[in-house]
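Chain naming follows the written order as A, B, C and D, and within any one chain the residues start at number 1.
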Amino acid sequence: MDKRIATLAEAVAGIEDGAVVMIGGFGGSGAPIELIHALIDRFIATGSPKNLTVVNNNAGNGHVGLAALIEQGMVAKLICSFPRSADPKVFTELYLAGKIALELVPQGTLAERIRAGGAGIPAFYTPTSYGTDLAQGKPVEEFDGRPYVRERWLKADVALIKAELGDHHGNLTFRMAARNFNPLMAMAAARTIAQVSHAVEPGGIEPEQVITPGIFVQGIVEVPAPAQEEALNRANAHYPEVTA
Amino acid sequence: MDKRIATLAEAVAGIEDGAVVMIGGFGGSGAPIELIHALIDRFIATGSPKNLTVVNNNAGNGHVGLAALIEQGMVAKLICSFPRSADPKVFTELYLAGKIALELVPQGTLAERIRAGGAGIPAFYTPTSYGTDLAQGKPVEEFDGRPYVRERWLKADVALIKAELGDHHGNLTFRMAARNFNPLMAMAAARTIAQVSHAVEPGGIEPEQVITPGIFVQGIVEVPAPAQEEALNRANAHYPEVTA
Amino acid sequence: MTSKLSNAQIAWRAAQDIADGAYVNLGIGFPEMVAKFQPPGREAVFHTENGVLGFGEAPAPGTEDWDLINAGKKAITLKPGAAFFHHADSFAMVRGGHLDVAILGAYQVAETGDLANWSTGPKGVPAVGGAMDLVHGAKRVAVITDHVTKDGKPKLLQACTLPLTGVGCVTRVYTSLAVIDIEDGHFVLREKLPALSFDDLQAVTGATLHLDGAVADLITPEL
Amino acid sequence: MTSKLSNAQIAWRAAQDIADGAYVNLGIGFPEMVAKFQPPGREAVFHTENGVLGFGEAPAPGTEDWDLINAGKKAITLKPGAAFFHHADSFAMVRGGHLDVAILGAYQVAETGDLANWSTGPKGVPAVGGAMDLVHGAKRVAVITDHVTKDGKPKLLQACTLPLTGVGCVTRVYTSLAVIDIEDGHFVLREKLPALSFDDLQAVTGATLHLDGAVADLITPEL
């Protein structure tokens, strides 16, 4: 078994127009910048994929990664908890112009809905959002005298995630807090592609230290020394590069 | 912060009559034998705790660990998925004599109910057991055209679990497949006591390698070179020892 | 000439349908035998409910590590690329549709795909384990079984009479006499022992066998 | 003489109620300041939604690692005994009642314990983050806030007028003028600035302040 994919272009080749795409990361930490940029390259070259529904905690920052994907007009709808940040201008402008749809989900509910999608749990109850605008239209039920809101699972056609080590079976580890949504999204997508900073042979990760077992991963692509969104933004980077 | 408890006797001192006690392990693997035996010692010395509801995947094996706890008559009810095994005589006899209650739960549902208890999810839907005797009396609902059974969370007053490394904050790792239910039960109990084979200083476990974060653990007690149920049973051990 | 396949031969036949790299859960007992018969050049990744992916054969007696067991509580070994995880993650794999194949034993299978394999009735101590989870979620749920019970009664029926494990979950049955798919509430005969007539097979089957194209010969090595 | 507490002083006061070894989540922004004022000899363990327990102060500028951030996306450092985990486990800690204290900011707090702290209305881009989760589950949900809005209107009200974050979730409010508990749908005054009369405090509070025994002086160091 060898799930390695040779190039970023191949890794994102199968993503279709209209796909639901989960993108890992919390802000820039754990964001698969190189996979996102490969998707942008494909769009610029071919006009596809477009009309995507993207699931991410945020709405991107600056003009790289997710923000760049949105800036290209590839995203029709965003499902996220916090589309505000230091420089979310790209999303804000499209949103206020009515050009991108937003489904706002509390962060813990977002995480649990994704896990539920991965775990075959079609719906669950949570106290979160009870009595608030975000519970509107959702079934409410009392358990042990306390009201809870019913939430549905969230699944995706593709997950693009970022990991630290990845072996040929797709077993993954994550670097520090870059773990965040990545292991959950790996579970919830029909096809999960992980960019890994170091591809290793099977056995290169201690079985007890595997965070995402390979069964949740369909392909890995090695991206040594990946870019960090925060660093790119501090350098005012744009993707694709703005040529004067 | 130092969650170390000096002795096994102290570790099990707070468990009251009628308590719901989750006990980690799958068969003997990951079973906190020494904590269970300490609980038996206390019962023999004081007559308490009794009338316990125990949550475990199985019903014990031979005459040590959980089987010995049941043999003492301390357990009023068992919630488990598989109370049959090589030598479950102790449970079988009490059960057929109507002296112990049994709530039979499919293994995956048991795991998910425990996780739900730990995660603040009072109920969830699963395809498991739909149309079977084990779904009787449970609400059924269709999602996306497929029927699912609603299951409730499972919580406990106390969890007794077994870990490999444990630091003073209660961060834990587990040895191989001895992980099983242990991390879930740690989440679902008001008070989780872990017997650890090696107690280490904070920092003695790499933050990325922590499996159960200390927030889920209220006490650790070091038990170097813990007994293994399978080995005890192969030696036909009884607890307490049968004196001729 | 064999009048029916041995368990090993049934397991061998089931193993031929497992693709290289497939994620597979084999039920406790007889189904575990399927692992022995993977065709050369193919390597499935085996899952066990208690939290291991990528395990291999039993260790030599005396070298067991009782923290390294399968769902049947038998000692196992690891292959490179193995992973450990807790029970909730393990059943997320099962329920979430991540396994390619689950191969289970059966007391009875109905033409509707219903399976009964966990309880022979109200006597004794009931025990279900992971059976009810495994029948939901795996992309393909197959059964291996003798074609009839020990006293010669059909195990393939219009409807199960024993307590169900799951409803409409089985899609293929490998028996000691035949390979039968379950499609749209029907048994569809795919392969049968060459020496066995359709009528004789139908006679020991408790529901109508349908045909959909040619029936292949069910031929296995001597094992 | 100070007519009201500074943010640092409010944070200091809130910090005095955090026990040694408590598991604490501090909301983004102003609440993060509480970490600076732990009394000597006490050490709380701080949780951040994005999957870290046991983090410490910000690193020196230029030494940040952007894979080691808090929920506000600011760089942090680790203390011995820290742990990383994914978002579902992180919110299991929150929702499952494992945090001892969550300290949050507020636009408005009602005497019912309702909190509004995520949206100032339909304009602009809505963003909720983890706020709605944090108000459920932590054993104690406290708010730190100026007693009144920038234009002098009460933030402590009979009912919130802004979109709610959660219903009946807040149990204590540390303001620039007072410490107020929420019990049985009432504001109960516990401490107030010594120079401030009850009537003057009531005048800037949008719901009745109840008394339950003596009101202590709210005294903080100069910060």
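Just so we're on the same page, a contact is a pair of C-beta atoms (placed from the backbone, for glycine too) under 8 Å apart; a residue touches a chain by one contact, two chains touch by 3 or more.
All values derive from a computational prediction rather than experimental measurement.
A.B. asks: Touching both chain A and chain D: give me those chains, sorted by label.
C.D. replies: Touching chain A and chain D alike, sorted by label: B.
A.B. asks: Shared touching chains for chain A and chain C?
C.D. replies: Per touch definition, common to chain A and chain C: B.
A.B. asks: Would you say B-D or B-C is joined by more C-beta pairs in contact?
C.D. replies: B-C is joined by more C-beta pairs in contact.
A.B. asks: Could you please state the distance in Å, as a whole number, between where the Cα atoms of chain B are centred and where those of chain D are centred?
C.D. replies: About 36 Å, centre to centre.
A.B. asks: Please work out the Cα centroid separation of chain B and chain C, and write it as a whole number of Å.
C.D. replies: 30
A.B. asks: Using CA atom averages as chain centres, what separation in Å is found between chain C and chain D?
C.D. replies: Taking the mean C-alpha position of each chain, the two centres sit 56 Å apart.
A.B. asks: By the touch rule stated above, which residues of chain A touch at least two different other chains?
C.D. replies: Residues 112, 115, 119-121, 126-127, 174-176, 179, 207-208 of chain A touch two or more partner chains.
A.B. asks: Please list all residues of chain D that touch 2 or more other chains.
C.D. replies: Each of 52, 84-85, 88, 91, 94-95, 136-137 in chain D touches at least two other chains.
A.B. asks: If every chain is a node and every touching pair an edge, decide which shape results: line, ring, star, complete or other.
C.D. replies: Per interface graph, the chains form some other shape.
A.B. asks: Going by the touch rule stated at the top, which chains touch which?
C.D. replies: Per the contact definition above, the touching pairs are A-B, A-C, A-D, B-C, B-D.
A.B. asks: What part of chain D is in contact with chain A in the complex they form?
C.D. replies: Against chain A, the touching part of chain D is residues 48-52, 64-69, 73, 84-88, 90-91, 94-95, 114, 119, 124-133, 136-137, 163-167.
A.B. asks: Okay, in this complex, where on chain B does chain C touch?
C.D. replies: 26-30, 57, 59, 81-86, 88, 91-92, 95-96, 102, 104-112, 114-115, 126-134, 174-184, 211, 228-231
A.B. asks: Which stretch or stretches of chain B touch chain D in the complex?
C.D. replies: 1, 115, 117-121, 167-169, 171, 187, 201-203, 205, 207-208, 210, 213-216
A.B. asks: For the complex, which residues does chain D have touching chain B?
C.D. replies: Counting only chain D, the residues touching chain B are 20-21, 23, 43, 45, 47, 52-54, 78-85, 88-89, 91-99, 136-137.
A.B. asks: For chain B, which residues are in contact with chain A within the complex?
C.D. replies: For chain B paired with chain A, touching residues are 112, 116, 119-127, 141, 143-144, 146, 148, 152, 173-176, 179, 207-209, 211.
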